[in-house]
Each structure stands twice: as C-alpha cells, then as structure tokens.
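Per-chain residue numbering starts at 1, and chain names A, B and C are given in the order in which the chains are listed.
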Amino acid sequence: MAYDHTVLMDGAGIKRALTRIAHEVLERNKGVTDIVLIGIRSGGAFIADGIAQQISVIEGGTVPVGAVDITLYRDDCSGQLPHQAVGRTDIPFSLEGKKVILVDDVLYTGRTIRAAMDALMDFGRPQSIQLAVLIDRGHRELPIRADFVGRNVPTSHKENVQVVFDGLNQPIEVVLEK
Amino acid sequence: MNLLIKNGRVIDPSQNIDDTLDLLVENGLVKEIGKKLAAQSGTEVIDAAGKYVVPGLIDMHVHLRDPGLEYKEDIISGTRAAVAGGFTSICCMPNTKPVIDNKTVASYIINKARSEGFCNVFPVGSITYGLSGDRMSEMGELKESGCVAVSDDGKPVHNSELMMRALQYAAGIGIMVISHAEELELVGEGAMNEGFTSTELGLKGIPRVAEDIATARETMLAEYTGTPIHIAHVSTKGAVRIIREAKARGVKVTCETAPHYFTLTDDAVRGYNTNAKMNPPLREADDVAAIKAGLKDGTIDAIATDHAPHHQDEKDVEFTVAMNGIIGLETSLPLSLGLVAEGTLTLNQLIDKMSCIPSNILGLQRGTLKTGSVADITLIDPACEWVVEADKLASKSKNSPWLGNKMIGGAAATIVNGKVMYKR
Amino acid sequence: MAEFRHKHIIALRDLSKEDIELLIATAESMREINNRDIKKVPTLRGKTIINLFYEASTRTRTSFEIAGKRLSADTVNITTASSSATKGETLADTALNLLAMKPDIIVMRHSVSGSHYFLANKINCSIINAGDGAHEHPSQGLLDMLTMKDRFGRLDGLKVAIVGDITHSRVARSNIQGLTKLGSQVFLAGPPTMMPPGVERLGDVTVCATMNEALQDADVVMMLRIQQERQGKTLMPNAREYSRYFGLNPNNIKLAKPNAMVMHPGPINRGVEMSSSMVDGDQSWILKQVENGVAVRMSMLYHVCGGELE
C-alpha cells in the first residue's frame, strides 16, 4: 500500500466489540422484543448481520435484519458527480412500532445517518431509532450521536478509517489510513 | 484593357495544348498563344508561373435563387461565388419564383447578370410550364430569349409521354433537355440513401433504384426518339452503367455528376448532418467508385456543382425537415483537382469535363482558348491551401458539408470576357 | 465502481455495455421503491423535468411522469395539442423557450429521427429520448432488457426473436443495440418489405427467412406493433395475411424454448401481431414490461442528473 496504515482492531477484537454491543442492545431494550436491526449498505449491513448473530447466540431465536441503501437520500445528489449504481434497500417487514437499531461500520460526519433515518421514516413510524457503530471517528457535522460504540478512534480529516471485509462479508480488521 | 498572362502551364483540351506558354488577351478576345510574347505598353501582365491557365470553367448546374428567393442567393452573390470558385460561366436552373418559363424572367436574369454580375450567366428554362409537369413551356421563346437548355430540375417530368414529346419538340428547336432523373414513388418520404446508414439512423431511405429506373427511362426515350438528352447529377452505380450501355448503343445521352458524389458517402449524414442532405442523396462507397470509373472512361461527361444555396433557418432544423441541397461553387475546383491528384483523371480530362464539354453540350461557344474566342480564362493555383470558412464564402448561404475542411488548390484568378473578375 | 458519465440518453448505440448494465442495475434497485407504501424518495427534489411530447403516447409519458414524481422532481407535461408546435414554432425555438423555464431534464418524443441530437446542440439541460422517429426508444429497450434479466438472471447468451416491422421500429433498434452489446443473439423476422437493408450489420443479428426460423429455440419472443396507418397499402396486403405469416399463436410458440418469454411494447393489436391467448397467457410478460418501465425511467432520470459532460 502506498500510504501508512495502522491496524486498529483485528478480527477477534471486532468480534468482542460486536458481542459487547449485542449485550448492550439487549440490556438497554430489556430483551429482543420489537427489536429490528437495519444495516446501512454496504459495510453497516454486514456489521448488522454480525450483531444479529451475537444476539441470537445470547438470547436464542432470531431478530429481523434489514438493509438500507441511502444513495437516493443523500444531501449531495444535486452536485455534478457522476452517479453510481443505487444499491437495493431491503426491509421486508414493517417498522411500525419497532425499536430500530440502525447499524453502520464507521460514524463520521453523521450525514449518512441523517439520510438513513429519512429513508427509514418512509417505511413507517418506529417506536425508536438507536444507533450502533463499530467505530466512531468523531468530526460530526450534524447533531447525531451513537448509542452503542465498538470503539472511539480520534482521527484527523486527512485520515481514513476502513473496515475490511473478507469474501464472505465477515469483518477481518479495521485500519487507519494516513 | 489588354492582358498578357505569362509563363503559365496552358492547358486547353480543345486544342490539345499542354505547355508553358504566354497568352495575350486583346479587346476581350484571345489574341495569341505562344512562347515569349512581348507586352505592349498599357498591357497588364499577369505572372502565371506555377499556375494552370485553362479555358474558363463552366458550371452547367447552379441554383441562383434569383428572382424570388434572394434571401438564399442572388445573381450578384452567386456570380461572385462562381468567380471565386474559378467559374467564368454558369447555367442557372429554372426553379426560381417565378419560374424561368417565359421571356421576361429569362431576360431579367440575363440583363441583371450582364450589368451587375461577375460572370456569364446562361439561364435554363423549364420543360413544363411553371414546373407543373403537365404542359410544355414555350421552348422556342425561351431559346430566343437566351436560355441554353430546358429542365424541370428539382423534380422529374413524371409523365413519360410528356417527356417524350418534350424531347422531340426541343430537338426540333435545337435546345438541350436536362433531366432530373428520379422515380418519385420510390423516393417517397425518403431523406437519405437507403442502406446500412439509413437503417442505423432510422431515417427513411431513398433506394438507388429510384434514380436508376428514371435514368433508364430517359435513355430509352432518347433512343426511341433519336434525340439528345442530358442527365443531371448522376449519383448511382446503376445510372452510370445504364448511361454507359446507352452510349455504347449510340444513344445521344450526356451526363454530369457533382463533386459530392465522388468525394462523400452517406456516412457524412451521421450525426444527422443536414449539410449532407441533398437530392439525389449521398450514396455508398461502391457508387463513389462507379462514379469515378464513369468519369475516367468518359461515361460521365461533365462535372457540375448543383450549387443549391439554402438559408441557415432551412438547414438548422431537424433532419427530415431540412431542405435538400448544398452549395458547391467555391469548393468544386479543389475537390475535382483531387481526382487528378489520386490519378482518376488527367489534368486535361478534368479541364475538359469542367469547361470544354459543358460548353459543347449546351453550345455555349466557350470552353476554348483558340485565337479569336471569348477570353474566359481561369488561372488555377494547384498548390494553395485554404480552409472552408462560412464567413469567407462569397455565397450568401453557407450550407456546405466541408465547412472547416482544408482544401488544396483553387482559382488564382478568374478572367471573364477579358476582364479579371476575381483574384486570390 | 461503474459511473454514468453521460449528460443525455439519446440512443443505446451511444452507451457502452457498462453504461447499460449500470442503468439496469439501478433500475433493479429503484423497483423496491415502487413496492413501498410511500412510493417516493427525495433524490431529485428541486429538479424540474419537462416531458415534451410531439407524438401522442399515454403510456410512455405517464411512465416518465410517475418516475419523475417518485424521485420528487417537479414534472411538467407538454404535448403537441397544448404546445406551440401546432402554431408553426420550430423545435429550436420551442426548446429555447422551455429552457428559459430552467428545466434540468427534457424528456422528448419526436417524430423525426435524430431530433434529440439537434436539440442537444442547442440547449444545455439533459435530454432523454422517449422515442424519435424510427431511430431509437432507449427506455423501452432498457425495460425490455430488465424484464428479460428478471426471467433469466442474465442477458448474455439469450436468443431473442424480434418479429414485425423492423424498418419502422425504434423499439427494435434500441433492443438490437442494447441486447447485442450485452451478449444476446437477435433473430429478426418480418416481411421483406419491413426489413431494413444492412440490419444484420448492427451486431449479432440474424435476419430469418421465416418467422418459424426466428422462433426456433428462442428464449424470448418480442412482437412489434403493426401500425396499419404506416404500413399502408404497399408493405403488406392486409392485417389478415400479415397475421397468418407473422402473428404469434399457440402453435408456433411451441417452436421456441418451453416457457419462452412473450413480449410486446404495446399497444397491442389483438389478433394481428398475436392472438389474445398469447397476450393473456402464462408466457406473457407484457404487464411486467409496463411495470418495469417506471423503474427504468427512474434510473435514467437519476443517472443523467449526476452525469458529467464527457
């Protein structure tokens, strides 16, 4: 790689963080009743799968997991950047009255979360939306904070935090690129 | 005013001259051709070293748009474009408003050209009254008033009987009939040549057979009646073959093609370029090859431009809405010189097809540098390079497919009736 | 990741395989929006789309209008009946007048082939072709390809028979351009009077002597509309005889692969291009085509809005 990169978390560390988040979600919500997980494509959707897996290990049974693509809700769509393909939003259940755990891999400016919340509102009125992220790297531009954080990483704007997934979409490490 | 043109390469197919010679013009006539002619005092001397000195070029197919459509072109701008292109004489087609079907219109054109024009203008009268296609115009009066041929150019004479009678009648008077050979039902709403390009562009095609059928009819009518006929703007390989065969049988048929038919194919239409829209339409590569072969073997007698000026508002529109035709007077010479450069024609053959033969077909008494003949002379610079630019064209209209293209060769000077009417 | 870099969508001929795949992929994602209770996303909020239709077309115009609205754009419809076109205003003048209203996209249908290129040279907003003469109908081509992909999961290697008046069909041209770029084989059948010269040079295209030859082992059978006013008196004797040689029916469909898709761009002349039993039968994907039309047009509107000048 042409630039510096530091491994912030390895696969085991990520798994421990997701297990902890799963516990915190269950504790805060007093069990799995009415909980649904919605991952933000693409990284957040894979992290949501990981948390859901841990929840079912802890509590048994399954929690519904959906995925949202926020491309069509971005606030920079009116720019002149060439448009990429739109990913598929996949929420095959109603959000009415649910406790939605919105999941992303890295929380940064908060704009993605804003867009994702707008998208969720088009699927009904949830009881609550909570935010779970693997990494919070700071630099918020909107009044948004995470309810569940795998790890806080102070960064500068010039740096980039990347969650690396393997071919089976399992997170294998988190790297800080300078 | 006398002129001495020195050291030019004088090419005169009518006398089989091709040599470095001097040429003296006195009182509007060719006085003498020879080596090392001396200038009298008061004679203007033109140094023509490196230039060709040829009988004034004749374009037997021009639309001057005057009277009636002067917003496209008029006699002044059209003849200015002609001399800029090296032409000393042009024949103008009768589809003006009103049509050249009577003495008044013919005289108007001749008089205006004489008083204000830059070159000789020979009007072509209509075959049928008002181009209506249903009754003959007064060809006798047209001839007497100066028309050198009759034609319904722009459309065919659809009625075969009328066409046959017109050929017979015109022969009796001694005026040439020029045919726009096209079978209209086959043309229909067609906007370009029918072929792969029209298929891809989704434009309705004009099949080549529309021209071939009409050309065959004309040659057969001429054969049956034993009268001469001239076929305008030949564009298809079929028409070339039909005319070649007719000539071999002794039919008195002559024909012309235009520079765009030996330089462009219907590929030029891509992008829906309305400056590549004309009738007949640009054809395909094998037609271009056949046109060149026809020029080479003499099947095609003459090169004429079919100069068809149209206003920008008539061309800057959707393709099928755009009018047919392109301007050609100012680009014909360099494009035709290309035939010599590529070896299709000799220089002598080219000058023959652009001057001597057109004069002979229409009996214009020009196209020669013989002593005593009218001093219509074109000086050609075969090497000059220039770019076709809209604002530099003398024609009022700018509908050329060659805008922005580089040309090699052009008129260095155009001398009409002994007077220099254009100098590069 | 693929990006769409075209300002206009005028012809599938102008697009690459990747461009077409991207438009189809986005359309697949857009389809989800059409199944929501709230069928609207804010993507093109504040954008103005003018649907300028010089030919009547309820289906295509409505589809573009819905597509625009689902992306939150403001859409305005102008059809010949309510425009200056009938007053003799030129296309260029009409467009310049519309441009003064600052649209972001003009979706146009026009009877003259190539008129969209003419327009694109005059104005600076995006232009989407909703059909031009006998040239192209890219949104129809894309929705047809999306529908085929729904059924087979791929376009590569499909055998597609297109039957009817190829000469006058912009639907056929867009399908030929798109399908051959994506690896399908196209087999054409129709009366020789309706087969344009050189059409086999447009790609992997075979002109068949008979309809049966085209149908043989086809994965997809696409029937084109016969416009009796257009085919007139010279291209065929009458609808009855046309239907006998080039109509799809329960017998000749058996030549195609079992469960081959039957498609038609509409509107259908029942009993001419195909029998009613084929229109309404199990193999018919005609309504699915219409449904996919909205998603495809959403994809086109979305992508031209983000396009950069090439």
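Just so it is clear, a contact is a pair of C-beta atoms (placed from the backbone, for glycine too) under 8 Å apart; a residue touches a chain by one contact, two chains touch by 3 or more.
Source: prediction; values computed, not measured.
Central chain assignment: C. Criterion: smallest distance from chain C-alpha mean to the mean of all protein C-alpha atoms. Most remote from subunit B, judged by the distance between CA-atom centroids, is A. Computed from the mean C-alpha positions, the centre of subunit A lies at a distance of 77 Å from the centre of subunit B. Computed centre separation for the pair subunit B/subunit C is 45 angstrom, with centres defined by C-alpha atoms. Subunit A and subunit C have Cα centroids lying 39 Å from one another. Residue positions of subunit A touching 2 or more other chains: there are none. Across the interface of their complex, subunit C is touched by residues 194-196, 198-205, 271-272, 313, 316-321 of subunit B. Residues 69, 71-74, 77-90, 118-119, 122-124 of subunit A touch subunit C in their complex. By the touch criterion stated above, subunit C contacts subunit A in their complex at residues 1-5, 22, 25-26, 28-30, 32-33, 36-38, 40-44, 46-47, 71, 299, 302-303, 305-308. Put simply, subunit C touches subunit B in their complex at residues 13, 90-92, 110, 112-115, 117-118, 132-136, 167, 170, 173, 196-199, 201-202.
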